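To start, the structure itself, in structure tokens.
To keep things simple, chains are lettered A, B, C and D as they appear, and every chain counts its residues starting from 1.
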Amino acid sequence: MTHTIEKIKTQRIKVSEKLVYVLETKKLNIYYDDFRAISEVNMKIERNKVTAIIGPSGCGKSTLLRSFNRMNELVQGSRISGEVLFHGQNLYAPDVDPVEVRHRIGMVFQKPNPFPKSIYENIAWGARVHGFKGNMDELVEYSLRQAALWEEVKDILDHSGLALSGGQQQRLCIARALAVQPEVILMDEPASALDPISTLHIEDLIRELSNHYTILIVTHNMQQAARVSDFTAFFNMNGDRSGYLVEYDNTNQLFTMPKNKLTEDYITGRFG
Amino acid sequence: MEQIALGYPKSRNGLKRRFRVGENAILALLFISGVFSIFTTIGIVYELGKEALLFFRTPNVDLWSFLSGTQWQPHIDKFGILPLFTSTLITSLFAMLIAAPLGMGAAIYLSEYASEKVRGFLKPILEILAGIPTIVYGYFALTFMTPLLRTIFGRDVVEIYNTASAGLVMGILILPMIASMAEDALSAVPNALREAAYGLGGTKLEVALKVVVPAAISGIAAAFIVGISRAIGETMIVAVAAGAGPNFTFNPFKGAETMTGHIVRISGGDLSYDSIDYNSIFAIGLMLFFVTLTLNLISQQVVRRFREVYE
Amino acid sequence: MDDKSKETPVLRKTFENELQQLKDEILLLGSMVEQSILESVEALKKRDIPAAERILELDKKVNAKRYAIENQVMIVIATQQPMAHDLRLLASIMEINGELERMGDYAKGIATINIRMGEQALLKPLIDIPRMAQKGVDMLHRALTAFINEDVEAARLIPAEDDEVDALYNQVYRELITLIIQDPTSIERANWLLWAAHNLERVADRVTNICERTIFIATGKIKDIRSSDDEAQKLKNSP
Amino acid sequence: MNGPSIQKPEIEFTDNIRDRNRYGRLWVYIFRFSTIIGIIALATLLFNIINQSSGYVVYEAKGDPAALTLDGVPIEEQTKDQLMRVLSSHLSKGAYSKLDRTKPFAERSRNDVYDLVVERIVKYEVVDSWLLWDSLTRKDEITAAVEEEYPEALLRFDVWINSDFLRRPQSSNPVIAGVRTAVLGSLWTIGITILFAFPLGVMAAIYLTEYAGDSWANRIIQTNINNLAGVPSIIYGILGLAIFVRALEPLTSGTLFGVTDPTSANGRTILSAGLTLGLLVLPLIIINAQEAIRAVPNSLRHAGYGLGATKWQTVWSHVLPNAIPGILTGTILAISRAIGETAPLVVIGASTVIYFDPEGPFSKFTTLPIQIYQWTSRPQDEFRFLAAAAILVLLALLLTLNAVAVLLRNRYSRRY
């Protein structure tokens, strides 16, 4: 028992500044029971950049995204083969704790989902469960400022998070994710439930955050991918409906001179 | 060319509003049925109130001594409800002591931990438990729980009829109800909240206890309140196992009669109308009615607020 | 602009940054073109061949810059989905980008004339031609400033100054024709200078195009500022 | 960018993952334990009841059964006539003719007469008994003890719940007591409950879901129904006592209709009991029926209206046929609650000792739960065993009803 705990401790993910690639998948396959949702994905995610994942609906974008912090495990019957490396360490190794993984790799969801608690408690919750030792007020303010929400909510920190507007709620969720100091933030269509203006706010925020965080964003809106991302990965489905990586490139390159005919058809809206 | 006659039936008065006798008769009938339940409530309040008023009009009985008296001895004109009330309290307390934590635990297990298969197996069992008539539980209390308690604590300590046994078995009766209501409340918490908490690196326990349970807290509170209300109104278990005769005691191993138990015992024989005994059960009934009504109203209010958060 | 941005929170910061960058690049390209026009005339005046050769080098940089800006505009259009004002701005940048490159070519043309003239001396000392260059560059500079600031009023006024350049050109033209009549053997040398003057006249014409684009960005209307009379006059006068 | 520059505070987390995971594992056990308690409770309850419903019983006869042999035929094999001869020869004339008066012998079956012989002449008495578990595990011990203590006695493995138990009427002698009266009483009562509450409940549900708007009056009706569902059943008993038994006595005792049942002197009749339970289950039926009616998709209603049908025509021919399985399921569940109800019936005055089958709504009544209550309250073990057997009958009845409800639900749930 003690031995394995020691092992876990030593195996805890160490952040190395030297690596340029934060995340890397190697021959990643994701299955739901017998259905293969994602097949043979090899891609590297660059540090402090925004990487967008686009593709037709049902191509397994969200599934892939969730595999980066083992959220897919919450769905019964899901399993993977291959590797997801975080700073070179396989996230799916038997001695890696998914809770620890999600501490390092945070997530923002499609629909804003603040806890039915106060704004303050929404931010403090994650930090508290991870045994935060510092000044919570400072952390809350810092996180809210980072999420560009502080000015709007600084006087109503004790109000329910649900009382905010949709866009504010989503920025609250981003602030909440930032408060546990992740290195990577996964965003699953973070603006799809928002109005256009709120969407632009979130996009600006994503650009701003990419100075400090590595961001992976799944979006069904390819214009959004074009606007916010540095790199774009285009996924498509096989005949058996399992998603595969078609093209992965610098966003400017992919949207002006895609190398693959499928990509071109997709981004020009000629996708059959 | 032959003109094709289109057979539009000509109604007598065109498109004008028509008075349909049948429709209106049916509507009246339905309306009366709908309102019937109001009559039930009025009936309850009126009858309980009327007879209780007669009870309080009797010499030697007044509201204050009814509420504060520690003796219920009709043959010497002592009508203090406290002995009945305390034993109701003790049985309900025991019941909640069992049902609240276990019901909560079962609810969390079913809603957050159990797989679809396990849930499909466990929920019907809880439903069966909830569907068993209370007299069966009374039998169980008397023939199983009491001997068990007497074996554990000694025959000198535990009387054959005692409130502890009744209360514990009542807990088993209420457990599935609380579990099922609390599970409904927990399941109603949107999955997005769980995902959010997992996404922040919460363990399963933290997600369940620190996010899902607080989010469902009013639903859970409502379940508890309904549970208490059910325990207070529960009759047959205490009638069988808690003992006869009002007894002002806080010792759960002694026999004591609850409010409901008393009503059952007094009315069990041929009760003559307009006797003080007859009137007194209405007074007790009135008290019971208001206590449970208040609890039920509170729980409905709490549930409504809970719904507002998510719908 | 600053006041406006304080009132409404700035959205799409990335896009705004990219647009600003493009404008800066246009200004940079503009100043490179201004430099090559002035220096090409200066070199011609001094018959400085090495300086003329440096102009050719500079023109290569101008061309490279032009293509870089064009590419960047395409990327911005592809990634930022510009609409309305932004779209007009980007379309205009594309247009102005081309105009500036063409103006750079005029400077290159003057430098080439300078080199082709070889050992031949100037037919006459240059007086009006440097004035034309000065005037053209001045117009260009102000046109670009108006474009950056989206100053419609300024943009409307600048094209009128084209007449001054035209007048100078006519004067150079008449002067050179007189010289040719006096001495037909000077026709080749006169022709060199006529071409240089013509190039400078075209510079001013293209400044007019830039002003038209500035007005287009603000109003969405393409308007030919020069009257048809001017145009007819010019056709008559052109060699 | 905008606003003051962001100063990053000191952020450090404790390495607490070990503790967190340990708590996580610990609590899973606690949650699982809570759930298992429920299963254990059910199992214990069933075991406890089955344990008491059969086992070894030692009988001692006051009279000697061997002495009653007639023409060499032991009483177990005698015909009705032979048994009647045994009866008349061992009983006083007065006692015999009294039996004939309460129910003519011509109307009694052979088994009835046999029961009478056992009850009046042989007079078996239970002297000792064991639970099922002991009977199975300590068989030899019991036989040895019985041979030593009661050498004369009859040791028999009795299953208390058997065909005789279901067939026989109530009796003060546990050996020949049965639940027929109680089962019939329950069925009569429930019949009246259904006749009263089902149409009323369904009509109320139709009114509330299809007709009632969102006025304050209708909201009060709805709230009232929800509250009534939470009123303790004993309150309904008190209400039934005051209204049906006392105020409406002429109606419920049948005197209004000229029925004069000598056994029912007042309003404590099956009718009163059925109506009381009807009031009790009415809110449950309404709530369940409302849910079933609401589950009918609106498109069906619109289809009806679109063809120019009136509201009632639409409800009657489109909504109700589709809601009826749900309504029935809900009603069955409500009825099974009524079958198990004891307290209100005790309060309105169920008779505890009735030896004759109920004949109609104006008869005195007892029901299965009342019978169980009454037997449970007796101190003798034999009555406890009878109660256990009666509980098994009651549970079987409920199980059947629930099975029907589940079948109905499964059969019709594929419709949409």
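Basically, contacts are C-beta pairs under 8 Å (C-beta built on N, C-alpha and C of every residue); 3 or more make two chains touch, one makes a residue touch a chain.
A quick note: this is a predicted structure, and the numbers were derived from the prediction, not measured.
Peer 1: Work out the mean Cα position per chain and let me know which chain is farthest from subunit D.
Peer 2: Measuring from the centre of subunit D, the most distant chain centre belongs to C.
Peer 1: Counting contact pairs per chain pair, which pair wins?
Peer 2: B-D
Peer 1: Based only on mean CA positions, could you tell me how far subunit B sits from subunit D in angstrom?
Peer 2: Their C-alpha centroids are separated by 19 Å.
Peer 1: Using CA atom averages as chain centres, what separation in Å is found between subunit A and subunit D?
Peer 2: Measuring from centre to centre gives 58 Å for this pair.
Peer 1: Could you grab the centroid distance between subunit A and subunit C? Build each centroid from C-alpha atoms only and quote it in angstrom.
Peer 2: Distance between chain centres: 49 Å.
Peer 1: Let me have the rounded angstrom distance from the C-alpha centre of subunit C over to the C-alpha centre of subunit D, please.
Peer 2: Averaging C-alpha atoms per chain gives centres 102 Å apart.
Peer 1: Please list all residues of subunit A that touch 2 or more other chains.
Peer 2: In subunit A, 99-100, 103, 129-130, 180, 208 touch at least two other chains.
Peer 1: By the touch rule stated above, which residues of subunit B touch at least two different other chains?
Peer 2: Residues 203, 206 of subunit B each touch two or more of the other chains.
Peer 1: Any chance you could list the residues of subunit C touching two or more other chains?
Peer 2: 13
Peer 1: Using the touch rule from the top, collect the residues of subunit C that touch subunit A in their complex.
Peer 2: That would be residues 11-15, 74-75, 78-81 of subunit C.
Peer 1: Provide the residue numbers of subunit D that touch subunit B in the complex, in ascending order.
Peer 2: These residues of subunit D touch subunit B: 20-21, 23-24, 27-28, 30-35, 37-39, 41-42, 44-45, 48-49, 52, 199-201, 203-204, 206-208, 211-212, 218, 220-221, 223-228, 230-235, 237-239, 241-243, 246, 279, 282-283, 286, 310-312, 333, 336-337, 339-343, 346-349, 352, 369, 372-373, 376-377, 384, 387-388, 391, 394-395, 398, 402.
Peer 1: Give every residue of subunit A touching subunit C within the complex, in rising order.
Peer 2: 197, 200-201, 203-204, 207-208, 223, 226-228, 251-252, 255-256
Peer 1: Taking the complex as given, what residues does subunit B use to touch subunit D?
Peer 2: 20, 22-23, 26-27, 29-31, 33-38, 40-41, 43-44, 47-48, 51, 101-106, 108-110, 112-114, 122, 125-126, 128-129, 131-140, 142-144, 172, 175-176, 179, 203-206, 209, 226, 229-230, 232-236, 239-240, 260, 263-264, 267-268, 270-271, 273, 281-282, 285, 288-289, 292-293, 295-297, 300
Peer 1: Which residues of subunit A touch subunit D in their complex?
Peer 2: 5, 8-9, 12, 97, 99-100, 103, 127, 129-135, 138-139, 142, 145-146, 148, 150-151, 180-181, 208
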